[in-house]
Amino acid sequence: MSTVGFIGLGTMGLPMAENLVKAGYDVVGYNRSAKRVDALVAARGRGASSIAEAVKDSDVVITVVPDSPDVEAVVMGEGGIFENSHPGQLVIDMSTIEPATARAVAEAGAKAGVRVLDAPVSGGEAGAVEGVLSIMVGGAAADFAAAKPVLEAVGRTIVHVGPHGAGQTVKAANQLMVAGHLQLLAEALVLAEASDVDPVVAVEVLGGGLAGSTVLDRKSENMLKRDFTAGFRLSLHHKDMGIVTAAAREAGVAIPLGSAVAQLIASLVARGDGGLDHSGLFKLTEELAGRSQ
Amino acid sequence: MSTVGFIGLGTMGLPMAENLVKAGYDVVGYNRSAKRVDALVAARGRGASSIAEAVKDSDVVITVVPDSPDVEAVVMGEGGIFENSHPGQLVIDMSTIEPATARAVAEAGAKAGVRVLDAPVSGGEAGAVEGVLSIMVGGAAADFAAAKPVLEAVGRTIVHVGPHGAGQTVKAANQLMVAGHLQLLAEALVLAEASDVDPVVAVEVLGGGLAGSTVLDRKSENMLKRDFTAGFRLSLHHKDMGIVTAAAREAGVAIPLGSAVAQLIASLVARGDGGLDHSGLFKLTEELAGRSQ
Amino acid sequence: MSTVGFIGLGTMGLPMAENLVKAGYDVVGYNRSAKRVDALVAARGRGASSIAEAVKDSDVVITVVPDSPDVEAVVMGEGGIFENSHPGQLVIDMSTIEPATARAVAEAGAKAGVRVLDAPVSGGEAGAVEGVLSIMVGGAAADFAAAKPVLEAVGRTIVHVGPHGAGQTVKAANQLMVAGHLQLLAEALVLAEASDVDPVVAVEVLGGGLAGSTVLDRKSENMLKRDFTAGFRLSLHHKDMGIVTAAAREAGVAIPLGSAVAQLIASLVARGDGGLDHSGLFKLTEELAGRSQ
Amino acid sequence: MSTVGFIGLGTMGLPMAENLVKAGYDVVGYNRSAKRVDALVAARGRGASSIAEAVKDSDVVITVVPDSPDVEAVVMGEGGIFENSHPGQLVIDMSTIEPATARAVAEAGAKAGVRVLDAPVSGGEAGAVEGVLSIMVGGAAADFAAAKPVLEAVGRTIVHVGPHGAGQTVKAANQLMVAGHLQLLAEALVLAEASDVDPVVAVEVLGGGLAGSTVLDRKSENMLKRDFTAGFRLSLHHKDMGIVTAAAREAGVAIPLGSAVAQLIASLVARGDGGLDHSGLFKLTEELAGRSQ
């Protein structure tokens, strides 16, 4: 299993593909804009000028594209992966999309004789570059076992969480929690500041107790400095909250806090702050307290 | 500064008083029900039969009572601390109450020539027994310095967070975040379970990334086992969310997620689940998804 | 303009088609289950055994089907309306669907040389039977003018509210408000009952002032009698809240109250109460107050 | 029963007192600022220079003051009504305050041998001037019967809704519904505008169906013209939402929509918009959609 077709060489995809090359895989990359393919070739990968070319001689195909419709087009569309794949080929979609779409792709794959896994990641661009992503995988256990060596070239924590779509569900749960933690931290810090409490000391003491969180460790400084350089853009978290909402709706689960924070993120994006880091929830919370700066 | 008057020998107060005895302080304790006083005497403290008796020869007076009206009565009421205190005495209220009440108590103290600190704690009964509480202190810096040796007998992280009331504000911010983290974890886990994801594996992977939190580390097992033995009772968190709501209202801060989770806790208490641990938010979230057991 | 093709003879569609017959139109009806077609024939309409047959000789085609994917299939799918329509034909979709889908259908219609209007209704089964529906129409003014005589056979208030999709947007706004009014009434009545206020008298005085609403006039009795016989089923309102959420997201509008009530409706459906009338929001509100019966 | 003591001659109180004069009552008015007393005297009432003077020879005493602490001071405080009242005197508090405070006042009245009613009003300044207020009365039926002739001089709809505090509960329920209806209308109109729908036509069609409300009839024009001249100020509705929140909390009722809209009103007040009419909720909703003007 040495040749990997790689579709989608964006901010995340390109460093992932490069890490596969470094791990000894023969990587054939395709991207809509050819420049990114050149970058892979410069890193000793091979370039493909079509999906067909990237797929046909590969043992494994990995896709990293922006959203559900992109996955549908690339995998199931005309000239897409399934039209060019061979029986038993393993397709690993590492995009963040709706669990329902992941299940539909897997079902179509079964008809096409192709094995499919959903394997979204967390860890951001830095995690992709360093090859230390967390990867949540949904699909058959045997396929997970087959994929694991490949995934180990790009990630550190690689977990099989359930059947098709389960990887996407866990990613959705992750994004729900992160959005909520950010907003709660913003509410706590704005309350502290509006009450003449030293927020730096507050963060220290809050972080030491039951209120501690990774978001507090990593994002409170951004908030207190009003430095909302992305990082993970609100526009992307907005896309992900759409997936969270759809996943909860499909599963029949009410998410009162999740849906409330989704509205706040939607508002930031509507106001033109989609390019800010998701810690920018602090900015809106401050404005809602009449404390904008 | 060797004699400490101690008012309120409840679940938290008694072990705190005992730790002061162990640290070499002469502790004179008072409690409405005399049994708790006997327990302190058995631990080599001294008993008082009135607030006056506990206050008059003490250098420092500590109060640990349930709610704002209790503090008002014990400190400012008839036969209370201020009526029996002497100039320069240091009163440390370690109850969890409204910041506004803490400020009113401090103001009344200033008129009575008494120094006052608000110093609520987190860490629960276990933290009180082991003497490792986190203590958030509001008041004058000099008074904080004077109080610190005493507080070190009962806590480990002892932080001066701002002027009078600031300790209570930080405690309110803490309870806001904890309630929210619990509910977000519940929403994530119910979503996972309703989507055929293995929740134990989901907790593992969620905890390793940006969604990690102390609540996830300490409370997810309770949720997945449906073991809601308190711990920290929902009825107490409900009281605290009242303080959070009042503090945010007074500070002019909107807390959309805080107020949403306050409603869920209110509902659990209204339904008779106030005696459960606050991780019982999972129970309501599961019922709202039609998955009650 | 005397022949009307009618696709979708369900609870709403059949009485609408019958009213067209009564108004003198030659109605050719098609429905997936043939029984409903027989009912139309018994009412002096004509039956069609395919969409093609209903469309090919009609001046106007009306569709009344459950959801967005149904409209896509019936109008744009294989063997659907556009494949069988002739230039200049007028297609009026009276289903409740996403504004974005309505716009996509209109665009596809333009390519096919067919004029399209979105014209969702309110007024329920009773309004359909009596021919007094409110109809909110989106599309070109000239097409609205052409459609108006036909629509007058099934509705009383017939309004042109804007371009393609605008009818669906107004319907979404309507469902958002209705859901919210129902929930607010439930919160008010449960608060009254839990406070020993006579709710019947409360309804009277609330209805007389600024809190008055059509929902209060028509639904408070259901709530107070706990008679949740549909009426308009929660499962349908749940579908519509999905449309509301999607429409708000697409338009970049935050709907904090709309999204909160959408969660409550989702919860009722998840718990198995989707068959209740939407006034069943009272039932959940009562349970959340620990007052279920 | 011809002499009425009247405490509180503000925007609402003065015209109410004047209407009592017009109806033939001997009205003795007291107000903290003497100017308002002069205005009553100019309208053929009598002036009092203390609460005692207004109370001692009156058959009925009416209070119309801003908030719970004002009622407590005026009725139960030093030099207040109960210190100067005579057995069997009837005290009618027409302020809007917490139901719990109303019950406490009634209880204190019973001890003082005084009959007490809570009788908050709706209808605004215009209703007070024209004597057409709606009055929601809590207390004993016999006392309501005794008060009715007096109340008929200032109101048109006068309803006995339950025991002590019930009038305030219904007023709270009223304010909860009105706030929610305003916000839902704002969400619907901003959604319409952001989707290129003509909002004037939208209002017309929404008002004709199940989404109709008195708020839509009276406040949509303000919203669409961005004319937020009070009217009923947001700062007052904010005070009232504090009462709603406290009443719900005390009654053990979750009010998810009520608490969500309370946050939005709190935000407007925090941002300095407390002087706007409560239809100003539209302004915030528009800003949250990035459409502020």
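A, B, C and D are the chain letters, set down in written order, and residue numbers restart from 1 in every chain.
In this section, a residue touches a chain if its C-beta (ideal position, glycine included) is under 8 Å from a C-beta of that chain, and two chains touch if they have at least 3 such contacts.
Values in this document were obtained by computation on a predicted structure and should not be read as measured data.
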Of A-B and B-D, pair with higher C-beta contact tally: A-B
From chain C, the most remote chain by mean C-alpha position: B
Interface numbering overlap (same over half, different under half) for chain B and chain C: same
Distance from the mean Cα position of chain B to that of chain A, given in whole angstrom: 38
Chain centre separation in whole Å, for chain C relative to chain B (CA means): 52
Centroid distance [mean C-alpha coordinates] between chain D and chain B, Å: 37
For chain A, residues that touch 2 or more chains besides their own: 248, 252-256, 260, 264, 267, 270, 288-290
Partner chain C, residues of chain B touching it in the complex: 256, 260, 267, 270-272, 287-291
Residue ranges of chain A in contact with chain B within the complex: 99, 122-123, 134, 136, 138, 157, 159-163, 165-166, 169-170, 172-174, 176-178, 180-181, 183-185, 187-192, 194-198, 201-202, 204-206, 208-215, 218, 247-248, 251-258, 260-261, 264, 285, 288-290
Of all residues in chain C, those that touch chain A in their complex: 242, 245, 248-249, 252-256, 259-260, 262-264, 266-267, 269-270
